[in-house]
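Structures are listed in the sections that come next.
In the two complexes below, chain A is the common chain; its partner is chain B in one and chain C in the other.
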Partner chain A sequence: MTERADLRTIAAKLLADGTVDVLIGWQPGSSPLSAAPLILHAGSAGSEPGQAGPEALVFDARCAMNLVNLLHKFKGKKVAIVVKGCDARALAGLVQERQFDRNDLVVLGAPCAGVISPRALARALNSDSPDSATLKNDRIHAVCGGVETVVPLSDALDPGCRRCAMRNPQIADWLVADPVAQTDASEPAENVEEAWRMTRAERWRKFRQEMARCILCHACRQVCPACYCGECFADQSRPRLAGRTDDPADAMFFHLLRWTHLAGRCTGCGACERACPMGVDLRLYNDFLREFARTEYGYEAGADAQAPPLIGGFKPDDPNRFTL
Partner chain B sequence: METRIVPQTEMAAFVGELMKTARVMAPVRRDGVGYFEWLESADQLDATCVVPRSSPKAALLPRCETLFGWRLEKGEQRIVPPPEPIPQILFGLHPCDVRAIATLDAVFASDPSPDRLYLARRAVTTVIGRGSLADPATAFFRELGVDPMDNGGCDLFLAPLDPDRHVLEIISDKGRALLPACERFPKADDRALALLADLRKSSAAKTEANPGLEQLAAKLAGMFESDLWSRIHEHCAGCGVCAFLCPTCHCFDIQEEQRGDRGARVRVWDTCQFGLFTRHASGHNPRTSQKERLRQRIMHKFSYGIEKFKVPFCVGCGRCVGCCPANNDLRAILRTIRETPSE
Partner chain C sequence: MNETPAQWEPKILAFLCTWCSYAGADLAGVSRYQYPPNIRIVKVPCSGRVNPAYILKALCQGYDGVLVSGCHPGDCHYLTGNYHARRKFHLLDRLLDFAGIEEGRVRFSWISAAEGARFAEIMKQTTEAIAKLGPNTQMAKTTVRYD
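Showing the complex of A and B:
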């Protein structure tokens, strides 16, 4: 059962009455149009220097990171967490994979009409370092190099958000805002369609170019809620499996193996691409994976917390056109 | 000191001249984002970018550098020395990035163990700085005593007068070697120089003269066991963004690469934010969580660096502030440290 609640009020209540030990949400960030995670502990919330309390919680288009990633740090505790639609799917995936017991979690669902992608924002402003930027009535007012520009918020949204089919979190205990209008996402993703229209050689060139940009900072993996292995293949050193040179083959190896591990698990939340400092087009390849899970197996990652995971399930009518 | 006036409209042509003498790394813009990159043509230059996202350290400490190569010849291993570095010009560095080179020099070019490869690259590097009259929103170099109009450490310096003109200051012997590329520009007149002196004065007035870094280092030295660390790491994702973009972070790993009968020993960027960074051969890891790793980053930058080399390993460029996916703002961390009562 999902009830409507005010974010700050319900957060304060959950922390005060001992329902949860920890609450993970958002607060306004320190650079223009950013938000930062706010982690509150029962008993000490807001009492230490430089630390805010539940009254600092916000939710809007700035809240781009996937907070479910941080859940792994609080295993074994009762946690309340603010989730967007895509974060909720990541959470459902973790419940499916038995990483968390749903009963240990209080899910505060934040209906979401899309979050700002630093990449889309930089493209819209032709700058990644505005002097200031504010969000007012679905418009971004930014000052870059002393010159004011106004761009519609929609230009700065993550392209994945535009076609998100689950904007209203499915597994929330409380909804902290009114539900938003749903989009129709039955059409295949444009970026994937476009890549299929390329020749094999063009696709390879594009892939090589994207991989050549990657500096192997591993931010994409570190912020991904589905990447939670105690020891990632990329960190194995006895013997070493993945190289870290600037040969694009090393980036390819890292990403291809990571994608193999994310097949049927990546929810397309886009947190990885928004974290990438080098502007690597990770979304395209993630969307390929999701498209594949959808068309070949009729599976949507995180859509159903009760279902077995794609890799752990078997349907007699699977086309079986893909084996690894 | 010799000075010239460079119109903004001539900047790309100037870079074109420089490219005839050496390879040039300079700010470019791709999809709205500034990066420091090796130019293929002068028109790639973005002359408006103040602090590009990627830093110029890659020119001195490449992401992947061959220490030596080897190959098997008739069953015998032959060592192949790394290629000689070629002359390079780093163009349009913000004074904070120039200061960052000084910190790299302190680590790699200083006794008792200067790094031969670094010294060789440094020797063929010419630094062309460019001042700035507007500070990026995420930067805090002034708090650390770095003035954005300071030409210290540069071979040539472009000091902005107004949006249309820079004064080109020809400072060192390496800078004078580039005179042929500068001679096309008119000499700066007294009025321009007087204006520049005024701009410098008002910039200096806004820059912290006593950043109190020794006190900060001393305070941090007593905070190793502080509760602070168990709080500020909680939302840090433990990625390499802050260190890989940082112009002063200089940690590397050494790895062996092999293909058939040849191979190389290379050094690649690494960071204290990675769990693997401190994992011993036994499997034991003294830094078990992000708490210890983030503490190391702060301690190394603001305590150990100052103690050992007399310079902080941070120049306040703000790259880690703007690009941290968790918005773990270094300025806020420093503020919290300053506000925490000494034990």
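Showing the complex of A and C:
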């Protein structure tokens, strides 16, 4: 049962009537066209002057961050959370992995036609530090070095949002915006197809090049809602499993192993790629993981909270052709 | 490709399930089947115990090849360990292919305790295939520290 509601009104109501202890949403960020998380606690939100309340909540193309990552901090509490389609998939994945009880969550679904990626925005504006920028009717009005420019919003959207197959959240209790038109994304991911058309040596060159760029800051892991292990293998020190030198082999080890952990779990929200300070093409490999799950096992991450997970589940007639 | 020194011999790490492939190795031994001495065996309780991390770490530390061998599907001592392993390894196999790691560096097989001859044969095949690939230059760290 999904009802349409106004974001601020429903947020205020949920906090006031004690339905939830905490509400996680977005507020405008400090830099132009960015959004920051806003965490409201029942009983204290907006009670003091200068403290943000539900009226500070926003949802538009700025709200790129996947807030589901913050949910891990509020385990055991009743939480309302604003999610886009991809975030909702990540959330369903966590319910599937028994990290949260669905009954403890109030999901405020925000249908989303794509979010701004800082890198795409900088490219569209030809500047990575506009003086100001506002979003009006699917156009970005920006001032860069005193000169005003107007670019279509579509130029600044995250490339992954273009072929998004999950614009409308599937597990929402309330919808805080009108549903958006769904694009058909049944065809395989172009980037993955293109990589498969390359020779192994070419794929290796691409992989080597991306890995040589990684500085092992682990920002991708930090923002990932699926990376919630108490101790990550990359931080394990006795014995130390993952090396931390600038040898690309250490980056390869980290990413390859992280991808084995993300298979069937990554929903393609793109949070890791937006968080990466070095512009590593993480999307390509995450898209590969989803293609693998889809084509080999007919599995879609976060699509069914009752299904057994991809890795961890099995069937006696699983593919065997890769063995000797 | 780096030039291969004339005396280079492939170094292969094999994770063998104690209930089947390890016993298969034992049978190969008592049956006096000959196979190349290039493998270093790590006995594991089940192929499902093999974390993909071990395989990747072995490559990083300079092994030229890694072989994982467990019980045939359906024959697991713990009933389902190798089924779980199979999905993990299938993923790793495709992932390494997608990343462009040379074909056959990491290999997976099922060898039962009765298949001593098959064990010797797979060790021979694996050693030959990896010898053909040459030293592992893709993922081996240039400065390996065992800490």
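We adopt the following convention: the second predicted complex is superposed on the first by the 310 of 324 C-alpha atoms of A that agree within 3 Å, B and C clash if a C-alpha of one lies under 4 Å from a C-alpha of the other, contacts with A are read in each partner's own complex, and residues count from 1 in each chain.
The definition used in the following text is that contacts are C-beta pairs under 8 Å (C-beta built on N, C-alpha and C of every residue); 3 or more make two chains touch, one makes a residue touch a chain.
Nothing here was measured: the structure is a model prediction, and the numbers come from that model.
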What is the contact status of A:Ser31 with respect to chain B (first) and chain C (second): first, second, both, or neither?
-> first
Considering only touches as defined above, state whether A:Gly146 meets chain B (first), chain C (second), both or neither.
-> first
Between chain B (first) and chain C (second), which does A:Thr260 come into contact with in this model arrangement: first, second, both, or neither?
-> second
Check whether A:Phe207 is in contact with chain B, with chain C, with both or with neither, and answer first, second, both or neither.
-> second
In the superposed arrangement, does A:Gly243 touch chain B (first), chain C (second), both or neither?
-> both
Of the partners chain B and chain C, which touch A:Ser132 in the superposed model: first, second, both, neither?
-> first
Intersection of the chain A residues that touch chain B with those that touch chain C | 240, 243, 245, 247
Hey, which residues of chain C end up touching chain A in the complex?
-> 52-53, 56-57, 60, 73-74, 80, 83-84, 86-103, 107-110, 122, 125-126, 138-143, 145, 147
Where on chain A is chain C touching in the complex?
-> 195-196, 200-208, 233, 240-241, 243, 245, 247, 249-250, 252-253, 256-257, 259-260, 263, 285, 288-289, 292, 296-297, 310-316, 318-320, 322-324
Along chain B, where are the residues that touch chain A in the complex?
-> 29-34, 48, 50-51, 53-54, 62-64, 134, 136-138, 231, 234-235, 237-241, 244-245, 253, 255, 257, 266, 268-270, 274-276, 279, 281, 290, 321-323, 325-329, 331-332, 335-336, 339-340
Touch list for chain A against partner chain B, complex = 29-32, 34-37, 39, 48-51, 65, 69-70, 73, 119, 121-132, 145-146, 215-219, 221-223, 235, 237-238, 240, 243-247, 271, 274-275, 277-279
